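Next up: some structures, all given as structure tokens.
Look for subunit A in each of the two complexes below; its partner is subunit B in the first and subunit C in the second.
Coming up: the complex of A and B.
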């Protein structure tokens, strides 16, 4: 059985002051991928390349086992994207925007659209350009999900959104993912979204993927370790990520490997603790 | 529904195993009676902040052991346990609980003899206290 929904191989694009790629990754059916990285790391560029808004120099994108380029229209029917595309229409009301967008989708569900407008208290008469940042985000989210896509691509969907609506958005993404036949890629700076929504983490830095892992690998492998003695061999070990000298504390990204070394060095571990995702993210992004 | 389970920060036990053991305990103890609907894999993953890959594995294991059942399109439910199976699982959980306690006491340097002595002491203390209360 083919379990890959999206597969990206050798994707790259050169800009005047920025090089994106080469990037390779897979998105399995039924998973939420969190795309993490600092501002300017290439998250939005990746999305634009996936959607063909930008044309890649090199690379192959496969969607449900088929080359994405073969049937562009079909691909777009199956993808929902929320990420600052609507800013081009500031003088159009939300209602008109919804007509304009729904026109292109065979699967547009007007009842769903009505339901979401009510749920997020959207006043459809508002001109899009006059909406606050948070309301724009909500409208983009709603307009990305009403045609029942297979892949949802969200670019910082909750930034600027009020706390109550952030919770609703999280519920709606969970509901979208519920039957296990769809996938979501979410670029986010929200530790809460990474912790509670995602299954896989992909870390982008300077246009390249520098880390990619199952979220639970962090729980299984990363740890804060208190040791009886700090020797050179521990401090310089490949799996030692950080050292707190005064408290004889180590952050490791692979506890089993470190333990093995400690045993041969006759050093005892006095305590271990798993790390929270928020603590690990800092270590996943390289220092400039 | 929210299940009263959590992933421990200090445990080295894999997450799927922690979930499995805790749900099993809730079922055997009767806190989750037969036919109780369980949260979906996606919702449980959200509540426990773990990936669906992990939660799915825990549910699959529980299903293989005959403790829960998945009804297509309806969700996952607690299964009715037959007497013998129930006793069997009860014994397994009880043994596992003591096993963990022994491991922890060994970690702080207790010998086998000491552990037996401690067990006797705690055992007496616990049941004597209960006796007084009655």
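Coming up: the complex of A and C.
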């Protein structure tokens, strides 16, 4: 059985001052992928390439095993995207905007749209250009989810959104994922979103994927370890990520391997502590 | 596909209703100014009028302005230099590209917008001139000749006008400003040499041609116009398939 919803192979694009890719990754059905990285690392570029808003130089994108290019419009029927594109129509109301977008989707659910507008307190009469950043983000989110997509692509959906609505968004994404047949890719800087929503973390840096891992693996393998002694072999061990000499602390990305090595070296572990996602992210994102 | 393209075109024109009205008003102004000059040109060529009319103005109107009737030229992207940086046409297309709309539908909708704009503005333009000319110089051009003249220039503008859609949606904000500037400069160069070689303006020559060949040049240019329109559709489709929208 094919469990891959989206597969990206050899995706690349050259810009004047930036090279994106080559990027390869897969999105399994039923998973939430968190795309993390510094500003300008290529997260939005990746989304735009996926949706053909930018034309890739190289690469193949398959959706449920089918080449996306074969029927681009059909592919987009199954994709919901919230990525700051609505600003192109500042002069029309949210109602007009929703009408202009909903027309193109076979599965548009108007009741669901009404429900979300009420849930997020959206005044449809407002011109989009006059909305605050938070309201714009909420409208984008609503318009991306009401046609029951198979793949939801969210570019920093909660940036500038009030805390209450952030919580609602999180609930709605969890509900969206509930039946296990859909997937979400979310570009985010929010540790809270990564912690509560994602299954897989992909780290982009300078247009390239530098890390890709299962969130559960992070909880299992990443740890802060206090040891009785610091030897060269431990400091230079492949699974040692960071060392704090004063307090004899080691940050490891694979606790079982490190433990084995420490036993071999006759070094005692005095204390172990799991790392929080936010702490791990600091180590995953390379520093410029 | 046609139905969807029509729907999108109607929707966008409705959104641009106020700029569209302003464009109509400015077109009416152009038409009024043209009427007087054209009447003088007709009198000069076929009667005993003086040469003291603005042949450059007439050539500018018919060669450059009438193809611009294919664009809502009084809308904000044409009136502010912010367009160079913000590129509003591409941004709109980026949203459409993220929706399940095929490239063919998208390109066709652009051509339909162009045609609706072009037909509306051309009708206003030629209607005003027609009414004005019947008041000013009824004897020199027969209604048939006047019709041929209109169809001739309508066909020309239709053939060229599609470039507006291509520039708006196929390129970026910078090109939207650069290309018209290049065209304007090229026009003055062309006009200068044309005038020196033929001792006539382009509009004068077109009037003489219509007088002599009646419908033939008009029909020819109308066909060229239709072919041009089709050409711009394919060119735009091709471009939309390959371009970056942001």
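What we mean here is this: the second predicted complex is superposed on the first by the 288 of 288 C-alpha atoms of A that agree within 3 Å, B and C clash if a C-alpha of one lies under 4 Å from a C-alpha of the other, contacts with A are read in each partner's own complex, and residues count from 1 in each chain.
The rule is short, and it goes like this: a contact is a pair of C-beta atoms (placed from the backbone, for glycine too) under 8 Å apart; a residue touches a chain by one contact, two chains touch by 3 or more.
Everything quoted here is computed from the prediction, not taken from an experiment.
Within the superposed three-chain model, A:93 lies out of touch with both subunit B and subunit C [touch as defined at top]. Contacts of A:148 after superposition: neither subunit B nor subunit C is touched. In the superposition on chain A, contact of A:159 is made with neither subunit B nor subunit C. Looking at the shared chain after the overlay, A:73 reaches subunit C, while subunit B stays out of its contact range. In the overlay built on the shared chain, the residue A:62 is in contact with neither subunit B nor subunit C. Judged by the touch definition given at the top, the superposed model places A:53 against subunit C, while subunit B stays out of reach.
By the document's definition of touching, of the two partners only subunit B reaches A:219; subunit C does not.
On subunit A, the patch touched by subunit B and the patch touched by subunit C do not overlap at any residue. Residue ranges on subunit B touching subunit A, taken from their complex, read 7, 9-10, 12, 14-15, 40-43, 45-46, 49-54. Subunit C contributes residues 7, 11, 15, 88, 91-92, 94-95, 97-103, 242-246 to its touches with subunit A in the complex. Subunit A contributes residues 30-32, 170, 174, 177-178, 180, 195-200, 214-216, 219-220, 272-274, 277 to its touches with subunit B in the complex.
Listed in rising order, the residues of subunit A touching subunit C in the complex are 48, 51-55, 72-77, 81, 83, 85-89, 91-92, 96, 100-101, 103-105.
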